[in-house]
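Got a structure here, written out as structure tokens. Questions coming.
Should a chain be cited, it is by its letter among A, B, C and D, assigned in written order, with residues numbered from 1 in that chain.
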Amino acid sequence: MDKIVDREALVGELNQKFGNCAEIFEDNTNQSIKVMPEKLVDVMTELRDNPKYDFKVLVNLNSVDYPENFTVVYHLNSLTYLHKATVKVVLDKANPQVPSITSVWKAANVQEREAYDLMGIVFTGHPNLKRILLADDWVGHPLRKDYNLQA
Amino acid sequence: MFGRGLIKGLGITLGHLFEKKITEQYPEERPVLPARFKGSFTLKVPKCIACGLCANTCPNSVIKIESEKDENNKKKLTGYKMMAERCLYCGFCVEACPTKALMWNHDYERAKFSREEVNLDLFGSYVPSPEDDQPAKSAKEDEESAQAS
Amino acid sequence: MLKTQELTLNLGPHHPSTHGVFRCVLNLDGEYITKAVNHTGYLHRGLEKLAESRTYTQFIPYNGRLDYCSGMLNELTYVTAVEKLMGITEEIPERAEYIRVIMSEVQRLANHAIYFASMALDTAGATAWFYGFRDREKCLDLIEMASGQRMMPNYMRIGGVSDDLDENWFKLLKELVDYMPSAVDEYEGILTGNEIFQARTVGVGPVSKEMALDYGITGPNARASGIDTDLRRDEPYSVYDRFKFNVPVRKNGDSFDRVMIRIDEMRESIKIIEQAMKDVPEGPIMAKVPKVLKPPVGEVYHRIENAKGHLGFHLVSDGSTKPYRNHIYSPCFVNLGIFPEMAEGLHLMDAVVALASVDIVLGEVDR
Amino acid sequence: MQIFIDLANWLRAWILGMGISTTATELILTAVWTLVVILFVLINLIVLVWIERKSSAFMQQRRGPNRLGPAGFLQFPVDIVKVLGKEDITPAAADKFIYKIASTCAFVTAIVAIAVIPFGPGMVLENLNIGIFYFIAIGSTATLSLLMAGIASNNKYSFIGGMRTVAQMISYEIPMVFSLLGVVMLAGSLNLTDIVASQKNMWFIVPQCIAFIIYFISTVAETNRGPFDLAEGEQELVAGYFVEYGGIRWAIFMIAEYGNLVAVCAIATIMFLGGWNAPFGLTFLPPFLWFMLKVYCMIFLFMWVKWTYPRIRIDHLMHFGWKFLIPVSLANIVVTGIGIYVYRMITG
């Protein structure tokens, strides 16, 4: 149904260019690649600017609190080829830090703030990493699974 | 030409000046409501088999059912409270009801002065009416299927 | 030499033209904005967290609370996302698909009517506001007839729709479809054709194509900036690939284009409804889905063309009856991100117009 | 219908008959007439507000007020009673004295302008030789009260609203005065009664139609009505200069606004529409009623425009005023002067 980018070629090219930074991430969507957090900004810039892939749009930015790690999920879409890719960054549970991609897409600005606010993922290099939905003095990050629901 | 749009706008408003008005004179003129309108709830107590499906399907746990078992080991309803203050009016409970005991009615004037007054006690406020007394034909089968699922 | 000083103005959270409880702190030099900072979150209800403790079906009514001007479309997004996750997209009965398309286009008409109305009010054209709401009411009457509620319909179900539509409903729909073009003409006559309105909106808050891509602007706002994108055509969901319609695209990306895109889209929506109502097949309206939904482990990201942009749901399932994670990509939230840059250098009056033209609904911004 | 004149004469005779000196009689009479005029304006307001609400409602396919009195006619008086019952709130940070007198000042200027308006032959409170000049002078002071309200409220929105008012009203006063000047040149008098008398054969709207349009546009701006209601700026300034006002103080602002509306419409009638002169010799209606009919037609025009158009932007407003209206009105004066000269040459 959805057009998916050729993952093998993409991963191969990325690894060649930036050194071992990406691998295929197996899940039910068959469109995910896993990227090392350190190389994220380079990879995203490449994905955006390489005319072969032409991912001009950051469709969605999400963060998931899996039992073993935090995963930040970036959904990308190309307007010319109409193909898709999902970039996943797996983060350490204790210290979830990932470089901000605000410099690549400004759309990430508000969405990263939201992920920081609700999930507690720190986006290093973000120009204004403050809470966006909750009050400034809120304690905790509600979308984490260990968040105490009872007030 | 500059100003044509301005004159056209004046024409439109002048045209509506003499038209029939479309607002309803609310308290005197009651709105005609569609059959599926979700106003408030009615519970036909004799039909209710206290299966609890409505309470289960409710997203906000609005419904509180109290029941006791009678001599035939059959459940009997003894209380049916709805915390209507947090009801979403989604209608899942009405859809889930196997015996069509819980129904929507067209009572939409639900504004009250305090939160507590909004809540409904459908068991306590039940007024018996003759057609309710015949239990639904397939009530027994429905009950079984409900328990099976 | 006179000493001058910048004025800090709190626009909102209770201000008539912030469309809800949005707050924007403006630095004013005279009446020109030098800096704008968005503050959102006054309507945050934690819907994403709520979803984690509701079953897949139980979350459907909450979608109406997202963008309360287009409840049907939100529900459609959510149920198609769940269907995709369960892999039952192909099993939805034809009739249900047609009803879904008709419903979402009626809802889109209602949404664009309310957009037009609030745009009129934000330029102080109170009469045009009433005309917009008059026609929205006609659309909502149809939705109320089908679902029982006007704004939070809870009509879509995972696997189909909740209730069938009868002859009478389609007769009323025909009346609406016959009536709407004249109403849209009236909108053009009273507001968008008006020279004062054009002077207020042309060239105000322009968003270039590059800027729109950079900020992730979607939907009508992106099309106003010249990005030729419409998910109904590009990634057809439901049965949209069977209908012929144009995707209006404009070039300048200013407030006037953003209004006109909506007006053009209303005409296209009418076309789609006309085509859809002609060949609605008979048949069931619900696919055979189990009572207790347990999607397989995995995740899905699904988005559709909502009235305000691309509304997307990222659902992560762990195989239980409740979603492990339900992320809502809200178009208003992301579109609003452009406002600080857009507002810079604008007059206070223009900023209000620019904000209105982006079409935000705070229920969706704050979730 | 000379009933008002007869009434005045009868009253004068009656007071004189009580043995009071002539000067004192005139004083008492003036006081009585002032009161009558104020009452007249206030009663007018009921009709005016009713028309405004009804016409706007009808344009918007609503019914408008319909509960109190026949067709909701008594809504406005009851509203006034309601606002009288409201708490009189003064913001803590406001300049209290100016804040309190601002609404009264606005009201006074609106009422005082009515003094020179002849409602019929001889029916004028003070038949000033410089009537139109007096009206313009009084009209200018209205700016001040709005500025007072805007600044004394100590609110950013009302402050911006107050500043906008001043800019707007000062700019639009100039084309308004210039547009009236053409009529004054034609009539050869500043006295309003004389101006009406000189329109016996032809209303001045015919030779001065451009001036009439200019006058209309600039008075819409002068009275702060839509589409030039920038000072209120409902959408961006919430309510502009009177955002902090509530209760009866707010109502007085509203009354002043409508009072101004009556005054400018009356002036338009006198200057351009022939005052109380009946058109086409249709003299079956008394002059007074003709006058009021014309005034209400003007008022309806104001309302029609207000409820159709969106609000204009402030920089467009200023450009329009300074770059278009003032040159055109100046040109109109020149053309009128040449026209008068040519006319005199022809007629000798």
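One rule holds for everything that comes next: contacts are C-beta pairs under 8 Å (C-beta built on N, C-alpha and C of every residue); 3 or more make two chains touch, one makes a residue touch a chain.
Quick caveat, the model's predicted, so the values are computed rather than measured.
**Student:** Can you compute the centre-to-centre distance for chain A and chain C, using the mean CA position of each chain? Integer Å is fine.
**Tutor:** Roughly 25 Å, centre to centre.
**Student:** Distance from the CA centroid of chain A to that of chain D, rounded to the nearest Å?
**Tutor:** 64
**Student:** Centroid of chain C to centroid of chain D, CA atoms only: how many Å?
**Tutor:** Computed value for the inter-centroid distance: 45 Å.
**Student:** Centroid from C-alpha atoms only, then distance chain B to chain C, rounded to Å. What do you get?
**Tutor:** About 28 Å separates the centre of chain B from that of chain C.
**Student:** Could you check chain D for residues that touch two or more other chains and list them?
**Tutor:** In chain D, residues 59-62, 307-309 touch at least two other chains, as defined above.
**Student:** Can you list the chain C residues in contact with two or more other chains?
**Tutor:** Chain C, residues with two or more chain partners: 127, 134, 190-191, 194, 196-197.
**Student:** Think of each chain as a node with edges to the chains it touches; is that a line, ring, star, complete or other?
**Tutor:** other
**Student:** Please give all chain pairs that are in touch with each other.
**Tutor:** All touching pairs, sorted by chain label, are A-C, B-C, B-D, C-D.
**Student:** Contact residues on chain C for chain D in the complex?
**Tutor:** 7, 9, 15-17, 31, 120-131, 134, 190-191, 194, 196-197, 199-200, 347-352
**Student:** Using the touch rule from the top, collect the residues of chain B that touch chain D in their complex.
**Tutor:** 6, 9-10, 12-14, 16-19, 21-23, 25
**Student:** Please output the residues of chain B touching chain C within their complex, sorted ascending.
**Tutor:** Residues 2-6, 8-9, 11-13, 22, 34, 36-38, 57-59, 88-92, 95, 104, 149.
**Student:** Okay, in this complex, where on chain C does chain B touch?
**Tutor:** Touching chain B from chain C are residues 54, 57-62, 127, 134, 144-149, 152, 154, 162-163, 186, 189-191, 193-198, 291-292.
**Student:** Mind listing the chain C positions that touch chain A in their complex?
**Tutor:** Chain C residues touching chain A: 40-41, 44, 46, 48-49, 53, 89, 213-216, 227-229, 234-235, 296-301, 303, 310, 312, 314, 316, 324-325, 327, 329, 333-334, 336-338, 366-367.
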